[in-house]
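One structure coming up, written as structure tokens, with questions to follow.
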Amino acid sequence: MSMDAKEIIARRIAKELKDGDIVNLGIGLPTMVANYLPEGVRVVLQSENGFVGLGGAPDSGKEDQDLVNAGGQCVTINAGGAFFDSAMSFGIIRGGHVDATVLGALEVDETGNLANYMIPGKMVPGMGGAMDLVSGAKRVIIGMIHSAKGSPKILKRCNLPLTAAGQVNLIVTEKAVIDVTEEGLVLKEIGQGVSLEDILKDTEANLIISEELKIMEI
Amino acid sequence: MNKIITIDQAMEKIEDGMTIMIGGFMGVGTPEIFIDGMLEKGVKDLTVICNDTGFVDKGLGRLVVAKRLKKVIASHIGTNPETGRQMNSGELEVELVPQGTLAERVRCGGYGLGGFLTATGIGTEVEKDKQKIKVEDKEYILELPLRADIALIRGSVVDKSGNVFYNASTRNFNPIMAMAADLVMVGAKEVVEVGELDPNHVMTPGILVEYIVGGEK
Amino acid sequence: MNKIITIDQAMEKIEDGMTIMIGGFMGVGTPEIFIDGMLEKGVKDLTVICNDTGFVDKGLGRLVVAKRLKKVIASHIGTNPETGRQMNSGELEVELVPQGTLAERVRCGGYGLGGFLTATGIGTEVEKDKQKIKVEDKEYILELPLRADIALIRGSVVDKSGNVFYNASTRNFNPIMAMAADLVMVGAKEVVEVGELDPNHVMTPGILVEYIVGGEK
Amino acid sequence: MSMDAKEIIARRIAKELKDGDIVNLGIGLPTMVANYLPEGVRVVLQSENGFVGLGGAPDSGKEDQDLVNAGGQCVTINAGGAFFDSAMSFGIIRGGHVDATVLGALEVDETGNLANYMIPGKMVPGMGGAMDLVSGAKRVIIGMIHSAKGSPKILKRCNLPLTAAGQVNLIVTEKAVIDVTEEGLVLKEIGQGVSLEDILKDTEANLIISEELKIMEI
């Protein structure tokens, strides 16, 4: 189920991206989104360590140790790509030149707050580029498993230290698609075979049920 | 003016307690030759400014493992468990800075600016103890410049006057750090004659580089 | 996605009253093709952000002579006597900004920063009406970002996805302006296929450029 | 006399520059300094429109229209030079990476104030890069004719709008070399054949006569 759930999320998020979008994908699940882009949709991936035009993994034996993604793995650059330094990379991010970023979350709440970078006393890896991405990207899409072993991650109010306040635009889980609006969280889509009761049970935040509520298509 | 020196000569410039910027991102674009040199010399109590602390066996993470750092200012330490362990045990002071803010603080230090306003970190722990300034009703954090005694950078192609070309994703923090330190030393993968680098392709002008050490991998 | 358009199509994007950044330094690196186009179209009441107002017969100075500007934000107007004349007669509003501050304000606008602190202008008329901030006992002026509706830049070699290479001293304000406008159009001296520009040599990534007009001299 | 005076000033300033210095020379008289560098002294010239390694004028017919100095004239770039954009150019200037700048002046005063960019109502060309240069360069050397048709330019206090406050380090005229110190202006050298009385008459500012006062060597 876990693998399937991630694929559902990645496939659904892929449909949010538009042809020509400049996109930064976080490490892990968000990276999978690139595999499921609808036909005719080509996005340009930005890699915050210093380039646009992030391509796939190189053929075995053809790795270039000078060319890695933000996770440190060897990658390729597509034709039309461009390298730059870290200051410009984050200028592109903060300056609103990235159309969408897809990130995972530990917690997200009714006001669009996001916590995804530390658990005090347990996991303190540092925020890396996440805070700038969440503040700067035009659209922040959270892709995550709906709850953590039954304990809700979509909360009234985040408990963990925030990555950014009020910046999340959309939450996609294997069970639901939720819009963050001025009025609160709006449940727009329900996963296939998932009941509304199941979602409400697994969600601490208040959910406004959209009048156009529909089944998630992936 | 001969800028090419040996690694031993380079190490004579580095003293215990110094603040050092080290280029690289997850060890890519990090001048390993200087890390080797510092480990061998036994220099200690360093404050290091860097994007991340690399891995236990790659990049400047090796300095962490060997307990040569007193403090580190970085955006990410998660790939090197030893950094977190020393932080939790109180052996190592860690200042975590958002990556874009870190890059900009280094640039500010090198570009002669007194600080800058960013929205990154507003509403988070990052804003703690910092001055906040409103511009046209939007709130920003005033972030301050960073400078170092020495910047250790890695160049892919370096001419003998110190002009540097960085290949692919090795560029990252190197060009801005080369502006922000009193002394700049570059570990060069390839050293070429003056005039061989097209002035259009130079990413760090030689006027910013004091010394070049060849033999970087 | 075809970014190549004709000069007439480009001119449809430019409307009276817009704020426009125009690259170049004394006309070098200025996209003359767009100046020609604007003169022909008769667009007026523009606010132009630029390093200088060029000469009466070169660069964007020609727009000044034709009285198409309402306001100019620049560091230098001395090489175009018509700018000074219109300023003195009240026909043209001129905001003079130190060149480094101008470059940094444009960069701030494009890099998503709320402002920056500089010592340039402290104790001069430049500090008038501006917020001053002390950092470690040193006084700085808080300077604010500049943005534009459109940036008109000049590229020496441009690939069809909009990646730009600027030759020699034509670079000047072009790369920072390409970050700081809602719409970016480049006048290209040479247009090449995607893949012909080395990604290491690209100075403005194509993601920042909406449209390309060939035939720039 | 006028041409000779300028040459005296340029020659004397040239002796202030050290081998390897990064120098920005203003337009006009300051540009002449490059012609008189002592043997063995090579400086790297910075051109604020975007490069270091500013070379001489190109041979006739070999002009490159893409390569001009800050005055807009066609120039060359020396081997080992490098191009950059305006933001980096002024980063180099403000960041203290320029060892010395040589500029002309309309007025300079006892506290090292400089006025050289406008005469209200008469000449308002804009400051260009002068304010950043004067604030940022490690050493600010003023090269100018001692007085303007008998009216002093070295004043107790500048009357014209300032280019920068308290940034001038050295004043070189055809008659005198004057250090700007915490205590005030110190007369260090007197031009050959110039009398102390002549200098005092042509200078409004108080001059502290150096105990090591000597004749200017050029």
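Per-chain numbering from 1; labels A, B, C and D assigned in written order.
The rule is simple: a contact is a pair of C-beta atoms (placed from the backbone, for glycine too) under 8 Å apart; a residue touches a chain by one contact, two chains touch by 3 or more.
Keep in mind it's a predicted model, so treat the numbers as computed, not measured.
The chains that touch subunit B as well as subunit D are C. Taking C-D and A-C together, the chain pair joined by more C-beta contacts is C-D. Centroids built from CA atoms put subunit C at 32 Å from subunit B. As a whole-number value, the distance joining the C-alpha centres of subunit A and subunit B reads 29 Å.
With centres set at the average Cα position, the gap from subunit A to subunit C is 35 Å. Residue positions of subunit A with contacts to 2 or more other chains are 51, 77, 83-84, 87, 90-91, 93-94, 136.
The set of subunit B residues touching two or more other chains comprises 104, 107, 111-113, 118-119, 166-168, 199-200. Taken chain by chain, the contacts fit none of the simple shapes, being neither an open path, a ring, a star, nor a full set of pairwise contacts.
Chains that are in contact with each other form these pairs: A-B, A-C, B-C, B-D, C-D. For subunit D in complex with subunit B, the touching residues are 19-20, 22, 44, 46, 51-53, 77, 79-84, 87-88, 90-97, 136.
By the touch criterion stated above, subunit C contacts subunit B in their complex at residues 104, 108, 111-119, 131, 133, 135, 138, 140, 142, 144, 165-168, 199-201. Only residues 1, 107, 110-113, 159, 161, 163, 179-180, 194-195, 199-200, 202, 205-208 of subunit C touch subunit A when the two sit together in their complex.
Chain contact summary for the complex, subunit C toward subunit D: residues 25-29, 51-52, 74-79, 84, 87, 96, 98-101, 103-104, 106-107, 118-126, 156, 166-176, 203.
Residues 47-51, 64-68, 70-72, 77, 83-87, 89-91, 93-94, 113, 123-132, 135-136, 161-166 of subunit A are the ones that touch subunit B when the two sit in their complex.
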